Structures are given as C-alpha cells and as structure tokens.
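All chains are identified by letter, namely A, B, C, D, E and F, in their written order; residue positions are counted from 1 within each chain.
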Amino acid sequence: MTLKLGLPKGSLEHATVDLFRRAGFLITVAERSYFPAIDDPDIECMMVRAQEMARYIEDGALDCGLTGHDWVVEGEAHVHTVSDLVYAKQSFGTVRWVLAVPNDSDIQSVKDLEGKRIATEGVGIVERWLERNGVKAEVEFSWGATEVKVPDFVDAIVDITETGSSLRANNLKIVETLMESYTKFFCSKDAWEDAWKKQKLEKIALLLKAALDADGKVLLKLNVEASNLEKVKDLLPALHSPTVNPLTDDGWYAIETVVDESVVREIIPDLKANGAEGIIEISLNKVVA
Amino acid sequence: MTLKLGLPKGSLEHATVDLFRRAGFLITVAERSYFPAIDDPDIECMMVRAQEMARYIEDGALDCGLTGHDWVVEGEAHVHTVSDLVYAKQSFGTVRWVLAVPNDSDIQSVKDLEGKRIATEGVGIVERWLERNGVKAEVEFSWGATEVKVPDFVDAIVDITETGSSLRANNLKIVETLMESYTKFFCSKDAWEDAWKKQKLEKIALLLKAALDADGKVLLKLNVEASNLEKVKDLLPALHSPTVNPLTDDGWYAIETVVDESVVREIIPDLKANGAEGIIEISLNKVVA
Amino acid sequence: MTLKLGLPKGSLEHATVDLFRRAGFLITVAERSYFPAIDDPDIECMMVRAQEMARYIEDGALDCGLTGHDWVVEGEAHVHTVSDLVYAKQSFGTVRWVLAVPNDSDIQSVKDLEGKRIATEGVGIVERWLERNGVKAEVEFSWGATEVKVPDFVDAIVDITETGSSLRANNLKIVETLMESYTKFFCSKDAWEDAWKKQKLEKIALLLKAALDADGKVLLKLNVEASNLEKVKDLLPALHSPTVNPLTDDGWYAIETVVDESVVREIIPDLKANGAEGIIEISLNKVVA
Amino acid sequence: MTLKLGLPKGSLEHATVDLFRRAGFLITVAERSYFPAIDDPDIECMMVRAQEMARYIEDGALDCGLTGHDWVVEGEAHVHTVSDLVYAKQSFGTVRWVLAVPNDSDIQSVKDLEGKRIATEGVGIVERWLERNGVKAEVEFSWGATEVKVPDFVDAIVDITETGSSLRANNLKIVETLMESYTKFFCSKDAWEDAWKKQKLEKIALLLKAALDADGKVLLKLNVEASNLEKVKDLLPALHSPTVNPLTDDGWYAIETVVDESVVREIIPDLKANGAEGIIEISLNKVVA
Amino acid sequence: MTLKLGLPKGSLEHATVDLFRRAGFLITVAERSYFPAIDDPDIECMMVRAQEMARYIEDGALDCGLTGHDWVVEGEAHVHTVSDLVYAKQSFGTVRWVLAVPNDSDIQSVKDLEGKRIATEGVGIVERWLERNGVKAEVEFSWGATEVKVPDFVDAIVDITETGSSLRANNLKIVETLMESYTKFFCSKDAWEDAWKKQKLEKIALLLKAALDADGKVLLKLNVEASNLEKVKDLLPALHSPTVNPLTDDGWYAIETVVDESVVREIIPDLKANGAEGIIEISLNKVVA
Amino acid sequence: MTLKLGLPKGSLEHATVDLFRRAGFLITVAERSYFPAIDDPDIECMMVRAQEMARYIEDGALDCGLTGHDWVVEGEAHVHTVSDLVYAKQSFGTVRWVLAVPNDSDIQSVKDLEGKRIATEGVGIVERWLERNGVKAEVEFSWGATEVKVPDFVDAIVDITETGSSLRANNLKIVETLMESYTKFFCSKDAWEDAWKKQKLEKIALLLKAALDADGKVLLKLNVEASNLEKVKDLLPALHSPTVNPLTDDGWYAIETVVDESVVREIIPDLKANGAEGIIEISLNKVVA
C-alpha cells in the first residue's frame, strides 16, 4: 500500500517542502527531478504544476496533493478536501481572482464587458462567471504576464493577486472580485473511501496543521505569587487556558501557556506590572490544541 | 512613426538582448518591467511570451518580433518572415517537436496512437498532425514538465527537444518527429507593406545577421614572399577570396582574410610550414559578406 | 500620537533590525529608503547616521533613537538615556576612542602632542580633551580611513577601535584612551515628560532588554532525587532562584532554571556528577527577570 | 595550565566548529589563519590535517584532537581515545577503507594481489594488511583522486569511501573491506595521566556528547486526564521515563518527555486519539541522559 | 624621481582602475590596502577620498590625482588641471550641485533662502554662493543621505545629482543649479613646474585620453570597386578621413576608417546598398587622432 | 592513433583550460570528472596532479602533459621537453623553492641545518640538496600548510613561493633558494620518436605558443607622412619589422606592427610627437612570428 502525493511545482515548492519538514517528513528534491524522495516508505511523491494537480487526483493517477482551491474550480474537478492550509504568517496566504482594467477605462462592472476581449490564465472560471452574469465576451488564454496586456492587446484581464501591488504598478484598477482562493490538501474520492489511505491522510493533515499552528505561537512561562494569580491569569488570552502549578516556595505558582507571538509584546509589560516574574518565551515546533 | 518590436520573454531573453547589443542596439531591461528601453527612438520594445508572439503580430498589436517558427504554426498565424536567425555556436539553435513514449511502450508510430491520451504544450500542432494521419486520440494541454507525465498520466507526449537528453533521462524514446523549428524574425503583413517599416525591418535584419555571422569568424593577417604566394593562397578556405596587397619590401605580400574560427588551428601550422610569416588572428564584431 | 524613532544607518543597521525583531517588532527596510516600515502603528521609523542622531533628538525632530554615547558627547547633546544596550555576545559592544601613532613615533602621551597635527572623525571630542590637558595642537577632520594618514599626512590620529587589529595592521600603536562608548537608547527631554511617550518608551526598552537578556541565556531542566536536591541547588547560579517541583515518582524533584549560556559548559559536568539526570538545555527568545 | 587542542583542517572543519558551538565553545576561524580563537582561556586551538593529527598528539605538540581512527592506525600512533563521536544525522559518519578494482578485473580477493601494483593514501595500513595475508605487492602513495588511477596506472586501489558512489561512478567494484573508521576524540598518554588535563578532557567529551545527543531529539509536552493517563504513558517510548505532574485543575496531569524526533510523527496522532491535549514540541540544545 | 598619484576611493574606484588598465597601466588593489601597486616604477599610488584629494595635492603630499572639479572648488585648492576626463559612455559623467526643496515649498530661488537652514556636503560652496547673492542663511554640514533631511530637519538642501531621480523619489524639486562638475586629472603647481614630472603627467594624460576615445569607436574595413568608391567615401563620417588602398584585383579598393560605434548601425546598410563588400567591424583599445 | 594528454589538476587547471581555448581547443571539464572532453578526436585528456604528471609520462601511461619543471626534478623522471610555457602576464609564472626559517632563527645557511628537522612537500629535492652540501638533517614530508609548522613542529621548512608574501605573513624569512621552476609541456621519449605523435605535439606546441605570444602583444596601426617615415620607423621596436604601405593620398604611408603591450604606453607619446596620426591599438588572439 502506498499513497501517491502530488506537491506543487513552482512558487510554492520551497514552502511546501519546508512545511513537511516541520511536520516531521524529510522531502529531498534532486535537481531536475520531478520525483522527490520522502523518508516515509508509505508515500510516493511527485512534483506537479498547481494547475494540473486536481485533474490527476480526480483521474486517480495521484491519491492526494496540495494545490489552490481556484485550480480545482477551473478544472471542475471532483475531489475531496482533507484540510485547509491557510494561516497567518504563511506562504500559503489567500489570493483573489479579480477583473482588472486600466485606470482610465470605462469598464465599471461585469456588465460592461459585453463584446470585449479578456485575457486570463483561467479560461473556464471566467467563461462560467460571464455566463452566470449573462454577458458575452471573447476570453483568451494567457501564458503569463497577463497584467501588461491591457490596453494594447485586450480590454480587460482576470488575474490572480495577493496585494494588488503588481496591478497598481501597471496602472490597473480592480473592478470586481470573482473568487478567493487558498491552498488546500485534496484527495480523490476513492482514496477517501479506502480505510488505510483515509487514516494516512488524516495523520498527514494533523501533522501539517500542528506545524502550521506552531508557526505563529510561542510558549510563555512565568512565576507569580498567589495574591497576583488571578490578575495575571486575566491578562492571558482566554482561548487557551494556561497550565497553573504550585511551587514548593510558599505561595508561588508557575504558569505556562501557549500564546500568539503577535500579542507577546503587548502582554509582557502588563504581566510584569502585575507581579509576574521570571517571564521567558520559547519557540515551538508543533502545536496540537 | 515607430516600429513595435516584441522580444521573447524567458529562456531566450538574455541571448536576444546580447544579439541586439552586438548588432548595435542597446536594450535595457528593468527588473520586473515588460517594456525594455532601446537606444533607437524609432523602436518601442515589449517582452512577450514566445507562444503568444505571433498572435499579437498578426493582430497588429506588434509590428514585428522574434519567436520560434513552431509557435507560428501552432497558432496558424498569418505573419511574414523577415529573416532566419539560426547559426552554429548560437543560443538560437534548432529544436524538434517529437512524439515520445516510454522505452517499453508498444507505440511505434503515429498509427498506434488511436484511442490513446497525449499531453503536449502545442495542442493545435498535434491535433492537425493526427488529423493528417487519420488518427483519433485525446490531446490534452500540458502546463510544462510534460516528460514526467508518461506513463502515469498519459500514454504518450509530444514535446520540444534539442538533444533528447531530458527525454532519455526520463526513460523515454523518440518515435516520430513532427516538425523542426528555429527562431525567426517575423513581422505583420501590414508592416511589410509599409515602406518606412519595411526599410527599418530590413536594416535590423541585416545588422542582426552581421553580428551572428561574426560570432564564429576571425580575421587572419599574414605576410608571404612572392614565391610562396600561390601555395599559401591555396591553403586558405575557398569561400571568401582573400585581400592580397604588395608591400614596399621587395617581393613580399600582405594577405588578409576572414575565416571560420574552427579551421584556424588546422591551417596555422600549414601556413607557417609554407612560408607565411607574421600571422596574427583578430576577433570581429560584425561581418557583412 | 506617534513616537518618532531613529535607527542607526550603517554598520549597526542589521543588528538593530534583528534586535527589534526578537523584541517583537517587525521592521522592513526597503532598499535605498530611509523610512523603514514597522508593524506598530504608534511608531514612525527613520534611518539616521549614528553621528547625527543625538543632534536631531535634541532638536525634537526625533523623539528617540539608538546611537553611541560617544556621538552624544561629540555633539554635546542634551538628551535623556532610556536604557543601555550593551551586553555580551552582542553587536552592540564597547568601543574605545584612542590616540594612535606610528610604532616608531616619539609621542608617548597627550603632552607630546603640543604643536602637532592630528586627524580624527571626532574633532570636538579631541579638542576638548586637548584643552583639558592644556595642550595646543592642530586637529583636522577626517572623512574615514584615518589610520592610513600617519605618518605621511599627520603626526597622530584619534580613532575608534574595538580590538585594535586595524591599527596594528597599519603599524600603529595605541598611546592613550580618551573615552569608552557603547550603544544606548536615547530620547528627548520633551518626550520623557510626555506621559504617553514615556510609557511607550519604557515598554520598548523593556522588550529590547528582554530580547538582549535572552541572547546569552538558556533554560536548563533536570531531575534529581531528594537526597541530592540541596547539593544540586547549590551548584546553580545564585542569581535566579530555580523552580523546584516534586514529581509523582516518590522522592524525585524536577528543577528548572534560567542560566547564562556561558556557564552551562561549567555546570553540566558538575550537575551530572552530583546525581542530576535527564538534563536538557532549551533556547530562549525573551527573558524578563 | 593550557590544553592544546587540534581541530581537523578540511572537510570536517565546519562540522567540528559547529559541534563545539552547540557544546558551548565558540571557535572563531580567521581566514587563512591556522590558529582559531576559542572562548575558553584554558584551551589553545590549532588547525591540523586529519592525517597528521595523531603524529602531533603522540609527540606532545598537541594534547588532544579530533581525527579519524584510520589515521591513528596508519601512523601507528600511541594515543588515548577519550570518546567516540559517531551518531546518526551527523557529519561524523562511518567510512570504510576498501580494496577496489575495475568491474572487469580478475582480482577477487587479497590473495590475487600478489605481484600487483596498488595506489593508496594509507601506505602503512595497506602494507601491514598485505603482510598479515602473506601477500607481496607494490604499494605506492597517492596524493588524491586515487579512484581514477585504475586501470591505467595501477592494478588496484585501497580507498576511503562512505557510500561507494564515487567508486561506482568510476566503474570500480569493491572487493574487500580492510577496516571501518569514524571520528574520535583522542589525547596523548601524558595528557591522560595529568589530573588537570584528564578532568578537562572528560568535561569536553561530556559536552560534545550532550550536543550530539540533542541533535535528533525533541521535548514533547502534553496534558491528559487521569482516566487516560496510563494509555498515554504506554504510547511514549519506554527508554526515557516521562515526567508526570498533577495540575491544579482537578484530575489533569502534565507530561513531559524527551523523544527521538523521528518517532514524533508516529505518536502525535495516537496521543491525540487517546485523549492527550495541548501537545507541543520544543527543540533541544543539549541532552544528558 | 617618482610621481605620487592619488586615486579616488569609493564609487569611482573601479572605473578608475579600469581606465588606467585600458591606458596601459596595471593597478592592483589589495583588499583593505590603501596603497595599490602599479606596474610603472616611476609612479606611487594611494587611494584618497575624492573630497580630500585636492587638499593633499595642494600640500604636495601627492603630485597629482583624479577627482571632481567640485571638490577643488569646495576646498579652494590651488591646483593645476592636466586634462578633463569627461566622455560619452563613461562612468566619468557630469554631475550638478543643485538647490532642492520639497515639492510644496515656497522657496523659488536663492533669494528665498534668507534666514533658512540648509544641509549640504559642501559647506564652502554653499556659503560663498549665498554671499555672492547677498543672502544670509544657516548652512550645516551633512554626512550623507542629505535628501531625506528636508523638511523635517532643514528647509532646503544643496546636493549632488546626476539625473535627479533620487531627489524626485524623495518628493523634492530642483530650484537652482549652483555649479556643474566632472572628473579631472589635477596636479600641484610644483609638479607642473618640474620638467620631469610635467612630461610624465602629459604622457599619462595622453594615454588616458586614448583609452577614453577608443571606448565609443570601432574600426570598419570594407572593399569597394572603383565605380562605387566616391559614393562609399561620401557615406563615411567626414571627421576622420579614411585610409584608401588599391588592391591587386583590378579596380578594387580596400577602405579602413575609425568611426563612432553609434553610427555603425546607420551606415552599414547604406554601405552595402552602395556596393561595399566584405564589411567587418573590429574593436579598438586606444585611439589617438 | 590518439595522443594521451595530461592536464594539471588544481591551481593551474583553469589557466590551462583557458590557454587551450585561446589556442583553438575547447576543453570541457565536467564537475567531479577527471576526464575532460576536448573537441579534437585525436586527443584524450586526463586531469593529473602536477606532482604525479612526470611519473606517468615516463611510464607511458600518458604521452604528454603540462607540469612544473620542479616535479620532474623531484621524481627524477626521464621525459622530453616539447616547449617552455613561461611568459610575462601569465598564470604560468616562475616559482622558487626556498629554505625558510623564523625571523629570529639562528639558521643562516644550509650549513646550519646539521641535525635539524625540516618539513617540505619535496622530500627528494631537499634530501639531494642536503647531500650535495654534505649536511645531515631530518627531512619530513608535509601535506601542506607547511609555513605554520615552524617553530612549533620543525626547525625549518623548504616551501614553494612566488612572492614570499605568505612566508612573511607567518613571520618567516627566506635563507636560501634551492631551485627555480616554471611550467613546461613534456612528452615521453617514446612519443617523441613516433612520427605521428611528434608532428601532433609540435602542432599543439605551436598553437599554445601562438596564444601565449598574443597575450602580451597588440597590433598598432598608424599613418605618417613621407618626411617623418624614417623617424617613426626608428621608434618602433626593432624585433618585428613593420608593414609599410603607401596610401593613395600623396606622400602618406600606413604602418602596421605587432608590439609588446608593455611598450605601447612608452611609444605612443613619442610616435605622436614625431608626426604619427590616426594611431589605433587592436587586441590579438594569436601571434606566430
């Protein structure tokens, strides 16, 4: 029994290998090879373009893989979502598919596209969106660098953007958002119905999530006297209840808690002001709530 | 009047800019910009994917551009060829579109593709080729890394190759060659009929060719006495007749000739053995025969 | 309300950005920009030369900033010291301003400078020092590479040095030390009297200090039987009292303590020799005593 | 009293400096200098070729050093082994000295070497091995690149190999293994008999081992209810008994344990399935069992 | 007799060494050394900051050096100009000293500076300029990054600019130009009056100029029949008369001429159209008209 | 028939490949391979350590190769010298074998070595030299970094040096020079007696020499009036007589001559002062006198 796992070739490649490493799987990518080694004999890896991943999972050529939700929609692929992989501070952020036109264009909504020419990497997404809106337009496939094609070659583009800065740099404005997308861990319907594969998929998903969760979190440890215990506990984020332990020193307690790295700079001064001592912050590799 | 010139984005980008520099045009590519500057006010440059170049020349969005003959065929574009750009020792070598299958596949010719599944970056080229051969097969578009898709995802691929080494490294064999292709300098039908643009196009083509021709050639200069003159002239390649000039020293002649760099190491020992003196070799920037 | 923060441009730039990152503030320095972004909306950053920092804090153009004590002295600036930033294992080490002369020079002390010519980057520091010593000499400003100017251009130099190696490499010897200096976090008198700014300054100072303190410290954890408890506790540095906790296993205690990284290699062998088991060492991000 | 420590120059240099850093000693290697600085005033470092290390330890020019067991054997040096330094996941892996011949050679064992010519970097090792086997052959010293010398220059080689891949790449096959070797920490007989030096050597060995041991291990922390306590403890590796602590929350326990990094991905899913909560994983710098 | 030559340390360093190399002098700059070696025993080199060069030439510590005209003016140094070093396609372009103010400032000319505060690297240049204009203002020395000091620290700046892009990027506008400057080869009055040094200085200047002149020029060679000789000669730039030589082949002439590289792409097509054959272009190292 | 050519592995590798390229042979060195490809089917290349080259040429395992004269002496190899390869401006410069001792050593000549210990990479050279001088001393082989071994390990060293700077940096002084050495092109006695190999060796030597000769030479071209012709000719180096040609312009002559690059800077000023015009300098690839 082996699980065939597709990894996205290209811009997410490094981030994916790094995520698996933190989850406990060592993936070794030999230069120019599309078949990386992984230190789990139950898994066989293959590098596949994000755009084509869902097609080959649906076919059963792959059991599972990581790719964007958008490319599943583009290919209308019938696949099962094992888990989302979107978190703050990650390379796996959210992207948007947007309709963009020159700053001085008259196009203000999808309705104004009637009879126009549109370039995009996702012809299916755009054609179905136009159909839902009752608009007829010419949609052409773009091999890349879509944002420089307006206004010389086409009237509008539908492009993928994270911050919009590349569009602005080309003097384009965003008119509409067609969809949002982020990376997910997908598998085929068949793999999900196979007991061994389902269990393996759930284990991998749990470990990927544990590594992603650890990325923005740290362990805070501190000591506090009984009289300050409640004040200090109140300052800690409510989400995860802290571990509290009496010390042998009379009337002192040791507190440990996992907190978001982003709140540490806010709460440390308050903790100290309220009697906490011996505050230390430690990095984490994995967190399972 | 300006001439809109498309330059191929991607693997040929550096070689193209370098060729224009040697031809006498300084192209400056700002990072992340698709509109390089050129030091000729009559020309406006734009970076365009090789696959899309012919489409936009045919449309008239560009007047001219450099791209492979294959992509013109794929898009069935109606464009005019100004000149070929294929020479020894160049990055602009010849590529082949080939049908490749696993080493142990039963497919031995196009006829065996009936009912099979084929991945390729040139769906149009393959579909018309199958039709000419009376074969029905499923052709799917590949976003890249086509060579790793057999046999897991498809039965055969049609891929672009120069030496075949990447195919062999993936345990594939070449069954048929669909077409050969190399880089050409194309323009639109309209540009070719415009007198000003036609003259400009011919000038650019002449200079590009002069730079390419100089690449594998050197100037040889030598002195020889009258008695050895004919023997020495016979040793020089027949193609380009040498310039012979009497010197003021009685009975001596100075000879100059442009020769292929690759023959120099063969003829210099022979020239010296036959009485040539003061042999020197000089590099060339441009050669116009 | 915003706090205007000056960061030192140049050799300390990277170390400063790194220190703030460990303290919890993400500073992003765009290439060629002097206005880095910081992920705290209450703060505005600006890159300023260390030599000029105090001048602009005194003026009120900046509320606060990091720079060397020496440049405050050179400019005789009236600013408030929020905190020192000098610690072992830091880029923010101590430097010395020294009088250096050629190895074979007759100058043996400040008294021998009478009538001589001296090059330095700190004209004010040197002139006041000469005056205090009742010596008259010509002091000239040096734009850098001061150490190569003796003996061809001047008789002596006053230069900044950490280890003296650059001086020795130029065959110079150190005759006197004018002052020692290290990096401090300064603010203007006005900022210190503004309640909101003062509280903000103290929070930043606390977090910078927590990150610096963590740099040379680690968490040691170990288990010990009751009979060895006192011996082991005596081996731990007295400064920070350890956390001691009885385990469910009869008669064993778990001990945790933060210690200087530099003593670990001394005490681990002793701890083991005195019955400590399961000793582990963990890195720390921040420490607040 | 100082301890003179030899560090191996060359391929193990970086790994050695890194190991000492993790053990608590900062070694600074100035470019082109053979005398690195170390932040322990009791130790003086020197870079020495691995091949020459044992010679200079035996001489007393060095008190101790790291080098391969093989080079001690080659030089028949009388030195004392303080400790082995071979661990999984380390640069300090095991190598073999092997007899290698061309794939098509008739040589099948040491007996077939009678009258042949052998190249090697370890002439002493090979000559004594031949003598023990009663074989007479010509052994010549090789300056390196030994594997390319057969069959043109010699009949066989004795070479050092880790995986054999370089031999295979040169169409050689391994016929016999003369010895295995790995890196050890050696000292002179005199140093081992000096009380102060012996204690110092043992301390260094303990710290090097603590750093090597930490390399493949992590700290797992988790909380569990009383009813699940035994099940969860059974899932943890038996080797190191975990630290168990009751929490103030009724009926909950905190568990901490050091485990091999390689088993984490197996046990985390099981721990969670059996009621463990708040599982976190933390990196370790040193481990002393 | 030796000539002491100052070379500008910093941004022009590489361009200067390269210029001397093309002129025939090999300068070797050892890392961290300020005394480059030169392969002419009559010359001793020293790296000196551009700002300080004129001071040390005036003093006689150096005989000559390359620096900007502006720094001579700033220091009011009495030195002799051996030659200008400004040419197209060179790193030694022209810079301007300009008065720059924020885009929204009211300052429209030097007259509006009355009572204002100005930062600059050239305090002398600015103070004398204000005095000539009868304006009183506070001028302060800037250590660099002058353009970021307005409007927070000063009202206006006088800065050095080539294209103005850095000023525009900081939202500044140029109000007045104080002076233009470019690199010159200077010597001391004494050196110029010493016969041996004067001759040496003139030789160096001639060779530097020959190398600079060659930079934008190439040698064109071509053959032409008698009937086309005059037409072809008319196409060649009038400035340098071409070398014309009859060949042994009846009625053919060989023409050689040095032309600006920038016109080659214009005249080659015309030359060919008018009967020129065997056109070749060759690079030049030095040109002395 | 093939010629087996040995190329020196190590510090001369790049310079050797570059020399062959300029001579007209393209050598391609694959990473980690000792058998470079060459674009001449008559030649087979192999990388061999300089120290071992002569041994294998003498054996006949190689027909020919490039190595230092010193290593031939060290091994007392009987080989034939095809040609020297030492020229100004080359990587193939002269080195010296020297006796070096600490600056404060009492050793002042070979006589003082009696009973001392010497480390060297050339044991044979040193032992024979001592014998010739009637001195008995202990000579030990050094694997490298010889210069750091005195005075701690040995009393003196014999080391290879070009400029002596590495010795000086280690506080050593040179006491005696044992021999000078430079790179030569050697062949075996047998190869020199084989007619086909001898002719091939002579051709290669001719082309290597042509490329080396071109390295320090340039082509000077200039025009001069009849009245100045003799004066100008007298200024040109006597070695190579210049080519003189009357121009169609009455009374003018064109002169061409190959000169050493190092004299150009001397003669250009004189040529111009004596009426030469249109002086240009051109680089050369090969020169055969």
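Here is the rule we go by: a residue touches a chain if its C-beta (ideal position, glycine included) is under 8 Å from a C-beta of that chain, and two chains touch if they have at least 3 such contacts.
What you see is a predicted model, and the numbers here were worked out from it, not measured in a lab.
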item: Contacts common to subunit D and subunit F (chain labels); value: none
item: Longest centre-to-centre distance from subunit C, chain (CA-based); value: B
item: Size of the rotation, in steps of 5 degrees, that lays the CA trace of subunit E over subunit F; value: 115
item: Chain whose mean Cα position lies farthest from subunit A; value: F
item: Same-site or different-site touching of subunit C by its copy subunit D, using the half cut; value: different
item: Distance from the mean Cα position of subunit B to that of subunit A, given in whole angstrom; value: 43
item: Distance from the mean Cα position of subunit D to that of subunit A, given in whole angstrom; value: 40
item: Distance between chain centroids, defined by C-alpha means - subunit C, subunit F (Å); value: 53
item: Residues of subunit E whose C-beta touches two or more other chains; value: 245, 282-283
item: Touching pairs among all chains present in the structure; value: A-B, A-C, A-D, B-E, B-F, C-D, C-E, D-F, E-F
item: List of subunit F residues in touch with subunit D within their complex; value: 9, 32, 34-35, 46-47, 49, 51-52, 56, 59, 61, 143-145, 148, 152-153, 169
item: Subunit D-facing residues of subunit C, complex; value: 218, 223, 245, 247-249, 254, 261-262, 264-265, 268-269, 272, 276-283
item: Contact set on subunit D toward subunit C in their complex; value: 23-25, 39-40, 202-203, 206-207, 210, 214, 219, 240-241, 243-246, 258, 282-289
